[in-house]
Amino acid sequence: MSKEALVEVKNLQTYFYTEEGVVKAVDGVDYEIYPGETLGIVGESGCGKSVTSLSIMRLVESPPGKIEGGVINFQGKDLTKLSEKEMRKIRGNDISMIFQEPMTSLNPVYTVGDQIIEAIMLHKGVKRKEARQQAIEMLQKVGIPLPEQRVDEYPHQLSGGMRQRVMIAMALSCDPQLLIADEPTTALDVTIQAQILELMNSLKESYGMAIMMITHDLGVIAEVSDRVAVMYAGKVVEYTDVDSLFEDPKHPYTWGLMNSIPKLDKDVERLEAIPGSVPSPLNFPEGCKFNTRCPLAEGKCFTDEPELIDAEAGHKVRCWRYKDLEDIKARGERIYADQGVKE
Amino acid sequence: MIAYIIRRLLILPVILFGVSLLIFSMIMMLGPYQRLSTYITDPAQLKGVDDVELLIAKYGLDDPWYQQYGRWIGGVLTGDFGWSESAGAPVTKAIAERFPATIELALLSLIPVILGGVVLGVISAVHHNKIIDHTIRIFAVIGWSFPSFVFGLLVLMIFYGVLGWLPPGRLSNWATEIVRSADFINYTGLYILDGILNLNFSIVLDAIRHLIAPVITISILWWAFILRITRSNMLETLRKDYIRTARAKGLADNIVVYKHAVRNALIPVVTVAGQMVLGLAGGLVIVESIFNIRGLGQFMANAAQQLDYPGVLGGALYFGFLLILINLLVDVSYAVIDPRIRLE
Amino acid sequence: MEWQEVLKRLIQNKISLLGILIILFFVILAVFAPFIAPPRDADEPYMIPRAGWTIEPQAPSNEHIFGTTESQYDIFYGIVWGTRTAFRIGLIVVGISSSFGIILGTIAAYYGGWIDELLMRITDIFMSIPFIIATIVLVTILGQGITNVMIALITFSWMSTARLMRSQVLSVKEDEFVQAAIALGANDFRIIFRHIILNTIFPVVIQASMRMGSMVITASTLSFLGVGAPEGYADWGQMISFARNWILGIEGDPLHYWYTLVIPGIAITLFCLSWNLIGDAFRDILDPKLN
Amino acid sequence: MKRSLVFLFTLFLVISLFSVAGAQDVNNPDTMVEVNMGTINSLDPHFQYDTASAEVVDNVYENLIMFDKGDINTFLPLLATEVPTKENNLIRDNGTTYEFPIREGVTFQNGNPLTPEDVKYSFLRALIQDRDGGPVWMIYEPLFQKGSLGGVVKEVLGEEKNPKDLTAAESEEVYAYLEKAIEVTDNSVIFHLPKAYPPFLSIIVKGNGLGAILDKEWTIAQGGWDGQADSIAKYTNPTKEEDPLFSTMNGTGPYQLVEWVNGEEIVMSRNDNYWREPASIKKVIIKLVNEWSTRKLMLQRGDADIVYVDKQYLSQVENMDGVKVITGLPNIYMGVGLMNYNIVTEGNPDVHSGKLDGNGIPGNFFSDIDVRKGFLYSMNYDAFVNDVLEGDGQQGKGPIPEPLMGYQPDSMTYNFDLDKAKEHFEKAFGGELWDKGFELTILYNTGNDVRKSAADMIKYYVEQINPKFKINVRGIQWASYLDKLIAHKFTLGFIAWGADYADPHNFVVPFVSSDGTYGGFKGEDYAKFAQKNVDPLIEKGISSTDPAEREDIYRQIQKQAYDNATDIYLYQPTAQVIMRDWVKGWYYDPIRDPGQYFYDLSK
C-alpha cells in the first residue's frame, strides 16, 4: 500500500522507572496506520501493546512512565514533541480511545449523556443543547434503544454491552481519524463481542476512520484487522497483512499463538502451546527476547538481538531462524510439545 | 434508601434508651453517701446538716436504682429531663443556654477542617510523592499527634499572653454588655450571626476574634483526619479507568481532577462525618474548658465530675440524638452525590 | 505481605524510621528510669518527689534541670517516669481493647444473624456517648488512679476495632479458602483463627498503632481535667495541668513559666507523633489502594 | 485555596489587633466588675449558705442591724432604728428579750412598704423552710435551743417526725411553738429567747442571709410560704428547684437583681429609690470565672475592677501597674487536721491490717494521746505557713481564731520538733508502736493542693522518725471523701471551718463539742472525753452574758484542746483582695469576705 500513512510510529521507546529498576515496556516499536484501515496489535498481556497505544495518546502515567525515544508522526506532527495543551486538542478529537473495562471506564456519578456532551462541547465548541442532540444521535448510531431516555441514565443502570456502546459513542462523537480500541471486547460475553466488533466495522466504513485494535485474541484480529503487528516483550516481532500472517506465520511465537487456539474449521488431533511465560521485563534475556521459550533458539539467538527484517515484501519478522521455521512447516512437523489429546 | 432511613429512626429510641441505662447504671455503682456529694459540694456545707439520712431521703438517693431510673425516665417521657445540680438549672434550660456557643464553635471548626482537610488532601494526592505531598503529610501527622490541650494552652500562652490578640471567653466585656442589652436581639444565640442580623459588626469581629483560637485548636486534630481519608481516596480514584477515559477525551487536568475525581473521592469522606462529630464533641470538652467557653462540652465535663447524673444523661442523650441525626444527614448527602445509592 | 517484608519496609521508610527511633528513645528512658531518675521512695516510684512546699514553679536549675511544676514536683523526674506511665497505658489499653474488639467483631461477622445485630446495637450504644465524657464519668466513679483510667479507656474504646474487624471478616468470609475450610468441616475456632483473623489482622494492627498515641492523649486529657492520675503521679497530662495556671507568666514576662508547659508538652507530642508516624507508614505499605 | 486561607487568617489577626485597642478604653466609671470563682448556689437568702451567694444577697436584701464597716464588735442599726443593748433596755430580762424598733418609710424594690409584719414573716419563713445543709440552724439554737425544725417537731410532738410528713393539725401545733418566739408590736419586733444567748446579734446581723427581711406579700405571690400555720409540710426543706426564691429577688437593699446567668455572671443595678443615699456605682457585674489565667487578664486589662486571686498566684499580680494588692487581712477561719479516735476498720483499706502489727493501725490509734502529740510535733508549721501559704497566715492557736473572744496571741501551741515527736511515739501504746511501727493512709479530696501539701508534710517528717512508720497519701474524689467522713472511716483528715458569725461559739461547737459538725465524726472515745471536759464549758460559755466570764471560759476551751492535743490546729489563713487602684471606699469585713458591699464603693 503506498498511501500516505495516518500515524507513523518509529522506534518508540516507553520506559517505566520503578523502585526495582527500569521496565522497558515498549522498546523500539515501529508501525504505520493508514487512513481507513484497521491495524491489529496482538500479543500476550504485558507485551507492551497497551503501552504503545497509551503512548500515542500520551496518557502514560508519568512518573513512573516516560516516552524515552522515537517518533509518533500524526498529520505531520510529532506527538511526542507536542505540548500537553496541543495534545489535549488531539485527544478525543482526532484520536480517541476506548478501553477494556466498560464497567469502570465510565464515571459512575455522571449520566452517560453528561459524559458524551462534555467531549462534544469541548472539541466542537457547541452549545450544551446542541451537544445533547448530537449525543442522542450518537447513542442512536451505536444502536442504543430509546437514546432520549438513556442519555439521562447513569452508567450503573446500563448493561456491559450498552456501556461499551456508550464508550464507542463517546469516542466517535467528534468523528476522529483514529480510534484506538484497547481490548474492547475482552470483558464482554461472546454474543455481545460479535455485536460490538460488527458495530465497529460498520462505523469504520461510515466514518472512514482508521482503527488500532489491540487484543490478545487472534480471533478478533482475524475478524477486523487489515494488517497485524505481533508484539512480544516490548517489541514488534512480526508485522504484515492479516492474510499472510494466518497463511504463513514466520515467527515461532506467532506460530505458537496460532496453534494455541483450536481451529473449528479443520479438525486437528493435536493442540500446541508455547511453554513457559513471558520473561519479567526487569530481566529480559540476552539476545532474542523469545529465546527463553523458543524451541528453535540456539547459539546466536542467545547472544544477538535480531532485527525486524523483510522476510518477504510487506512481511517483516524479527527472528534469526525464520527460514528454518519454513522448512519445519514444510515438513509438517511440530516445534512445540503436546498439550494434550483432543478427539 | 427511605426504608433505610426509617430503620435508622426506629433504632434511635433503642440506642438512646441504652445510652441512658448505661450511664445511669455506672453512676448507681456509687453508694448514697457518695452521690450525696452532688448536693454537698464542700465539707463546710455539712454545717447545717444535722441528719445526713434525711438529706439522702430527700433526694431519694437510697431508693432502689430502678425506682430512681423510673423517676428519671418518667420525667423524660413527659419532657422533663430533671434538675442539673452542677448547672443549678433544669437540664433542658442548661443545655438550651449552652447549645449556641457550642454549635457556633463546632460549625466554625468545620471550615478549617474542610478547607485544610479536603483541599490539602486533594492537593497532596494530585502531587503524590512530590515534596508538597510529603510536607502536607508531615504537618498532618504532627497535627494529629498534638494533644489539643497542649496546643490550646500554647495558643493561649502566645496569642493571648504574649501578643494579647486572641482572648478566651466568647466576647469581650463591652461586647457582652451590648449583647445583653435590650436593643440587641438574640435571634440565634450565635453571636456572629446575631451580630450580622443586628448589623452590629463590632460584635461580629469581637466574636470572631474570640473564636479563632478555639477553632484552630479543635480543627488541628480533625483536618489531619479528613486529609488522611481524602488523600487515600483521591489516590485511589485517580487510578480509576474513568479518569483515564476523561483524559482520553482531552479534558484539562484540573477538570479531570476537580470534576471527575473529587466528587467520587468525597463519597467515602462524607461517611466519616458522624465519627468526626463524636470526636468534635470530645474536643469541645477540652477546648471549652481551656478557653472558658460556656458550652455543652464544659457542662458535661462538670456534670460528669460532680456525678450530676441528670446533667450527664441529658447531655449524653442530646449528643446521641444529634449524632444519629447527623448520621442520617450524612447518609442522605451520601445518596445525593452517589447516584448508585440514590437509585437503589 | 509477610511480616519480615513489612518490617524491612518500615525500616527503609525514612518517616517510620524516625518514628521507630523516637520510640526506642522513650523505651530506653522507661527501662532505665530507676537509674536516670532514682526514686526517693522505692515503694511508690511513680509519685514525683517534691522539692519543697512552695506552690510557685521553679525555673530549671542544676538540681532540677527541667525545673519544677506548681507545688515543686520535679519535671525531669516526672518526664522520665511519665514515659513508663505512657507505655503502660498505651500498651495495656490498646492491647486489651483491641483483642476484645477483634473477638466481638469476628464473632458478630462470622455468626451473623441476631448475634451480629445484638452486638452491633451494643456497639452503637457505646459509640453514641462522646468518648471523653464516658471516660470522665467512669473514672469519677471508680476514683482516680492509672488503673481506673485504663479500665475506663478500655471500656469505651473497643468499638472501632470491633467494627473494623467485622467488616474485614465479612469480606474475607466469602473467600474460597474460608468456604473450603468450612466445607471441609474444620471447627469454627480453627477457621476463625487460622483462616480469618490471620488474614484480616493488618488493618487492625495499623489502627492499633494509631490508637497508641490517641489513648495516651486521652489518658493525659483526663489527668488534665483533674480526674486522671492522682496529684503528684508521674503523668505527662497532669504535669501539663499543673502548668495551666502559670502559662501567662508574671508581670512583664509572659513566658516566665514556659518550662512547665513546653517540656511536658514536647514529651507527650513526640510520643504520640512517633506512633502515628509508624502507623502512617504502616498504612501506606499495607494499603493496597496506594500500591 | 491555601493562599486564600492564609489571607483570611492575617485578616482576622489584623482585625483582632484593632479590636484589642477598641476593647481597652471601654471601662466606664458607673459600672463595677468583680470576677470571682465558684458558682452562685441560690438567691434565696434563707436557702443560700455559700460566700458567692451571700455576696449577692448582701447587696440586695437587708437585715435589722449591721456591723460598723467590718468592725465585728460594733453594731449599727439598719432596718431597725436602734441596736438593742442593755443600756437602751431593748435587751431585757437578762438577755432573753430583744426588741427591734422597725424603720419607717423603707420600701422594697417592688414598691411595697416595709412593715414589722414582714420582719416576723421573714424569720418564720426561714425557720419553716430550714433546708438540710442550710444556714437556719444558727437561729434555732438561740430561739429554741434546738438544731433544726426537726428538733422542734420532736420537742412539740414528743416523737421523731420528718417535718415534711406533718399533718395540718401537727403543723399548727409546731407553728404555734415557733411563733411564740417572735412578737410584733405596733412598730417593732420582739424576739423571746428561752435563755440568754450572747451571739444572737452577731447571728442576725447583715452579712448573714438568714436574717434578711423579705416582703411578705411578694414572697407569697412568688409561691413562697403562704403565712399559714398548717402548711409547714408543704414549705419545709424544699429542693433547690422547688424553692420559688431560687432565682428571683426583692429586697430593701441598695441594688436590685437584673439578670442571673447561672455559672457565668450576675448583674445588679442601683436601686434609685433606696431609703438611704443611692449608691454611687450604677451597675454591678459579678462574673464567675474558674480559669485563673482568664481572671488575671481581665484584671490586667482593666476589664475587671476586683478579682479573686488564690494565694499561690499572688506573685503573678504583685507590681502589676494600676493594681492594688492588699494582703494579710485576718480571716476568721481555721484549717484543722482532724484525728479520728475510733476509726471504723471493717472494709477500710486506709488502716491497712487494722491492727497494731506494724502493717496497719488499730481503730483506736488516735485515742492514744502520745500518738496524737507525735503527729502534732511532726508538723512543720512554719514551712507550711511560709511556703504553702506563702506567709499569708499563722499557725492556729486552738479551735478559736483571731480576733474572736478567747484567742490569745501568746497561748501555748505545738511546734515542729521531731525529737519531742520521737519521745511521744516511743511512749505510745506502751512502746509497742515504736517497735512494731505502723502504716496508715491519709486521704485528701483531690484538687485541694493545700491539704495535699499538709498530708505530704506529715508523711515526709513522720517517716523520718522511724523507718517502721509508713504513711501513704491518697487523693480521692470529693464524693468518696464525704463518704469516708460520714462513715467514720477517715484516719487523719484536713478540713476547715469559716465563720458563720463572729463568736467563738461558732468555732468551739463544730470542732470540739461531742456532737459538733466535725467533733461528731471523731469517734466514741472523743465523744466521751468531750462530754466530760468540753461540752459543759461550751454550755457555760453560751449561757453567760458577762463578756469577761465568757472570755475566760473560751480560753479554758483553747487550753483543753492544747493539753489533750485534740486536733492539729494547722493554720488560720489571712485573706487578700486584689483590685484596680481606682476602686475607692473599700474596707475589710471578715464575715462577708470575700464578698463586697458595693454600696460603700466608688470609682
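Order of writing sets the labels: A, B, C and D. Residues in every chain begin at 1.
As a convention for this text, a contact is a pair of C-beta atoms (placed from the backbone, for glycine too) under 8 Å apart; a residue touches a chain by one contact, two chains touch by 3 or more.
Please read all numbers here as calculations on a predicted model, not as lab measurements.
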Moving step by step through touching chains, the smallest count that connects chain A to chain D is 2
When contacts are scored as defined above, which chain pair ends up with more C-beta pairs, B-C or A-B?
B-C
Please identify the chain with the largest separation between its CA centroid and the CA centroid of chain D.
A
How many Å are there between the centre of chain A and the centre of chain B, using C-alpha atoms for each centre?
55
Using mean CA coordinates as chain centres, what's the chain B-chain C distance in Å?
22
Quick one: chain C and chain D, Cα centre-to-centre, how many Å?
44
Give the residues of chain D touching no fewer than two other chains, as numbers and ranges.
293, 297, 477, 479-480
Residues in chain B with touches to at least two other chains are numbered 30, 156, 160-161, 289, 307
Which of the residues in chain C end up touching chain B in this complex?
15, 121-122, 124-134, 136-138, 140-141, 213, 217, 220-221, 224-227, 237, 240, 243-244, 247-249, 254-255, 258, 261-262, 264-265, 268-269, 272-273, 275-277, 280, 283, 287, 289-290
Chain D-facing residues of chain C, complex
43-44, 50, 52-56, 70-71, 140, 143-144, 226-227, 230-232, 244-251
Of all residues in chain B, those that touch chain D in their complex
30-31, 33-52, 54-55, 57-59, 83, 85, 87-90, 94, 97, 112, 115-116, 119-120, 123, 156, 160-161, 164-169, 172-174, 176, 180, 202, 205-206, 208-209, 212, 289-290, 292, 294, 307
Along chain D, where are the residues that touch chain C in the complex?
292-293, 296-297, 311-313, 315-321, 380, 383-384, 387-388, 390, 446-447, 449, 452-453, 456-457, 460, 470, 472, 474-477, 479-480
Chain A - residues contacting chain B, complex:
57, 59, 63, 84, 88-93, 96-97, 99, 101, 104-110, 115, 118-119, 122-123, 154, 156-157, 167, 170
